[in-house]
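Each of the next two complexes has chain A plus one more chain, namely chain B in the first and chain C in the second.
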Partner chain A sequence: MSNTPVGVVGEFTDPNVITHAASKIAHAGYTKWDIHTPYPVHGLDKAMGVKRSIITYISFAGLCGGLSTALGLQYWTGAVDYPLNIGGKGFFDWQFSIPIDFELSILGTAIFTVFGLFHLCRLPTWYNKYQNDASFAKATDDTFVVTIDADDDRFSAEGAQQLLRSLGAENVHLVTAE
Partner chain B sequence: MSHVNIGSSPFIAKLQRNGFILTALGALGMAAVYFTGGEHGLERLMADYLIGFWLITGISVTMMFFSALQYLARAGWSSSIRRIAENFTGFVPFILVAAIPIILNMFSHHHSIYEWTHESAATDPIIMKKAAYLNETFFIVRLAIYGLLWFGMLRFVVGNSLKQDASADDITPTRRNWKRAAPWVLVYALTITFCSFDLLMSLEPHWFSTIWGVYAFAGNFVSALAIITLMTIALRKSGHLAKYVTDEHYHDLGKLMFAFSVFWAYIAFSQYFIIWYANLPEETIYFTFRTANGWQWFGIVLVLLHFIMPFALLLRQDVKRKITMLKTAAYVILLSHFIDVIWIVMPAISKVIKHDGILFGWQEFTGVMFFAGVFCILTARNYMKRSAVAVNDPLVHEALEYTS
Partner chain C sequence: MMHELEPVREPLVLGNPSMRDVTARIASIVESKISLKYLLTLGFTATMAAWGLFALYYTITTGIGAWGLNNPIGWGWDITNFVFWIGIGHAGTLISAILFLWRQKWRTAINRSAEAMTIFAVICALTMVLSHTGRPWLFYWLLPYPNQMQMWINFRSPLAWDVFAVNTYFTVSALFWFVGLIPDLATLRNYVRSEIAKKIYGVLSLGWTGSTRHWHHYEIAYMILAGISTPLVLSVHSVVSFDFTVGIMPGWHTTIFPPYFVAGAIFSGFAMVMTLLIIAREILDLKQFITLKHLDNMNKIMLATGMMVGYAYGMEFFIAWYSGSDWENWIFQNRLFGDYAWAYWTMVTCNVVSPQVFWFRKLRRNIPLMFVISIFINIGMWFERFTIIATTLHHDFLPASWGYYSPTWVEISIFIGTFGIFLTLFLLFAKFVPVIAIAEIKSILPGAQPAHHHGHDEHAATSSTTSAEVHS
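Entry: the complex of A and B
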């Protein structure tokens, strides 16, 4: 299995060119491809045709979880399991439940957001199939690196390389598994 | 870049005309309040006058604060819409003049809306202890200090912004604002706090709340943002700001409105919660009176309109770029701020004139109409005098191309 293609890699140095290239690659119909940048580029996700993240719904689920935990906990401990008269207040009044509701809602939202983001970003990932490529390493320094995966339906080693070259990529090459 | 002079546009003409109509209707209405009010006509009139005065004073002054805040943060995004806030400060030089009826009213002892000016206050054990602060002379002195400080802030912060219009190369005026915005923000914080103590909290002289100033600020700031948003939308729609305002500005204004309606709710609840929990009679009088006799509906409506509706309307990312949703949220915020001030003022007045139940009707719209009309006229006047955009602001290029 020495020469199985992994994908095609191309380097860009200009953030404006990469945004233009991203929309071209997306229009060409590729789905399994990615761009690795040294810093966040505004508008790149739009150009790549990345769909809106579902993270907000995950966060909302966290909010609902946190809020219902807060209400349930206060109601069950305060009014059901161990009712105590404190300062003549009710066993379960909405007024005193608000700070706990607020805090636990935020806690639930934050935890779900952080771990949801980990999941959506596939973190932690210990291995990337391009990690041994010299171009790929430059993405952490000063280069925008485009990778088109070999398992994309439209992938052909020649076609993908040609596309990247026509968009202005430098050092376009095929990466193979060793 | 050349100035954006829209003073002769139909939009500004309409703003001015509507301002005159509102002022006239408000003035007629206030006269009607006085003459139909019977024994307590003067108190009712002054209460409505105070509502309008506080709403427009607070918002006008907060517009200066908005401008100072942008300088303090050296914000680039807002530099193309900052002038919209600055053009809303036309009422600031007239605050002291408009305060005269409130001061005169304090001396009509039987009809003063401030209980601490009544003769009975001299023997009231709680008010007696506050007499060093709550007396007519010091009240007038304080009002004069606020008015003069605000005028100074207007001349300095807004003045420097206007001076920048003259030249694109020499940015000395903007530098001056960058350097001195911080102390002016401090001046704003102190004056709005103490002014809200004097004008509103002292309507309930037996009561006190240390968070009152923050509460007043929160309501004013979110309302100022709502007005800025409405004006930005209106000016862009009529084509005047096409070059300077993008959807990104809508998005950021929407975010700010969202954040500060939540901030208002946080502060309002903090005030209520601590008083409710401690349950001390001298603190609970405020809320026990305002959560009974029908006044509780104002409180419930406030929770819905001042917090839940803006929250639900503006939560999603995409709605902050949709004009209809933004406008709805802005109008809801303005309406709820009005209800908030009514809920503060009118129950106190009903105590002073010993009226049972809700004291609210058409009368309460007259004062705010009058002052809103004056506000519109003075704003239109500012647009006739100056550029609608701070075209020479050194950061204005950032506002044209930023992504929020």
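Entry: the complex of A and C
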């Protein structure tokens, strides 16, 4: 078990350099790699070749779910289950249903968006294989930290380190599990 | 100071700090020792909260009869406070959502604390509205649930809409706030030295690593949340105003109420944000991030929304006259000269007259003055809601039942208590949660974004044109 390679880590500090490096690493054919940044860097996801998020579809599903719940609830309770004559008004009319249709649509969208985000980012995951690495911890402070995982098909400890160094990374090193 | 030319726009963060400075400045608030001053303030606000909770306990065990409500006046301080607190919350959502969609970068310094205020204010509002039901332990009667009477709630009633609107507002605001907090909690997890604090922030940050793949989802999710919060915040106070407008009472039954309430909510919310931020930037030493430019911008918004509110006050009188309705006409004359004229003129002085000083740049940047004005506006906006409720109710259609309403010690105590709850929660927040959105501040620092964003390093600027420029 001792010294199984986990991956290679390299530090960047310049947003221009990291954006350039991101496209180079992606072109080199790596797939299991990532850049950890303290804030979203514009265009970095595109340079990495990240596919557009499906979260918009999840949100839309939440919207549809909320809206149909609201319409169904007001129609079924008012016009089907217990029709009650209130001031001679209709048992169900879309006009009076609008406020609740709107609120539940928003609520459904918000809940689906947040939990969709959690799912797509695999949150919560209270463990990370790099968590004991000192460089990795800087990613929430002021450093752009590239990680290339050892289980990538193209991974070789030497090759990955060399690539990162050639792209301008500092403090490039191999992380191993004990 | 080093530049020969003044920059066209004022910098949003003063002193040109590095990323590490930003982390250290904001995260260190959490680690700094709890001062005696903080404990004394917390003790004071907690006592206020406890006193209010005692008054609530007294109300619940005795009944609403403990309040000063009487036959024509069924709504008094309870609903006034409810509308007041819900309104306070609106500035937070405006700053976090609407200013986000408008790409107003100055919002990053104040959005976190304003959003926190939203949540705490809605908690106070829920306290008021639950206690005014009389038997708050039966709160679930407000919800559509299958019961032994096989009856459902009346979905035509604005009071039912209100339940949905306020609960949706609270849930969405809390989710939005928490999503914004995740990256900053991760920063704290990696920053704090204490093992226990590390564990707590570690659990709360859900294991956020700052992965670009995650940021990609995160940014879109944040945009969607901002996009839905924008109509939400407009809808919530509109629905609150329906509680009045759908009734047939003169003075309430008007179509101007929804926009008028929303403008008033934003107006009062900004005033409250201003009051608390002036204190917070002083005590927590955040002048570097919450600059005069931020305060200036907020004063402009207060001036604008104050004018909208002033316009609505005027338009109400015009419509009352133009409608030709004797009852409408009379109720508005009663506002000007009747039993509650003192409340009406307090409102006009505080809300319409006092913000006029903000036409002048010098006065918009005068901190003691804006502090005083923000408190005037808080008072004025409370009186606005009180005027609307009391003037219409105290002289109803039947002159024999006309009356006058004053609160008892119980209502006053509950109102003080809601301030206690609000301030206690805010103090706890200011100490244990990053008061300023760390990740967002970093993203707007000069040179934080690739290429055309004030690139100082020439070698980096040339090497990045390949990827960053092409995509942006």
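Methods note: the second predicted complex is superposed on the first by the 178 of 178 C-alpha atoms of A that agree within 3 Å, B and C clash if a C-alpha of one lies under 4 Å from a C-alpha of the other, contacts with A are read in each partner's own complex, and residues count from 1 in each chain.
Going forward, a contact is a pair of C-beta atoms (placed from the backbone, for glycine too) under 8 Å apart; a residue touches a chain by one contact, two chains touch by 3 or more.
Note that this is a predicted model, so its numbers are computed, not measured.
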First, second, both or neither for A:A61, with chain B first and chain C second: neither
First (chain B), second (chain C), both or neither touched by A:L71: neither
Partner chain(s) touched by A:P40 [first = chain B, second = chain C, both, neither]: second
Superposition-derived comparison: chain B or chain C, residues of chain A touched: C
Chain B versus chain C as contact partner of A:F96, first or second or both or neither: both
Touching partner for A:L174 - first (chain B), second (chain C), both, neither: neither
Overlap of chain C and chain B interfaces on chain A (superposed complexes): 42-43, 56, 87, 89, 96, 99
Of chain A, residues touching chain B in the complex: 42-43, 56, 87-89, 95-96, 98-99
Chain A contact footprint on chain C (complex, rising order): 18-20, 23, 144, 150-156, 158, 160-161, 164-165, 168, 171-172, 175-176, 178-179, 182-183, 186-187, 189-191, 202-203, 206-221, 224-225, 228, 231-232, 235, 239, 242, 438-440, 442-443, 447-451, 453, 455, 457, 460-461, 463-464, 466-468, 471-472
Chain C contact footprint on chain A (complex, rising order): 14-20, 22-23, 34-48, 50, 53, 55-56, 59, 73-74, 77-78, 81-82, 84, 86-87, 89, 96-97, 99-100, 102-104, 106-107, 109-111, 113-114, 116-118, 120-121, 123-128, 130, 136-142, 145
Touching residues on chain B, where the partner in the complex is chain A: 269, 272-273, 276-277, 279, 317, 403
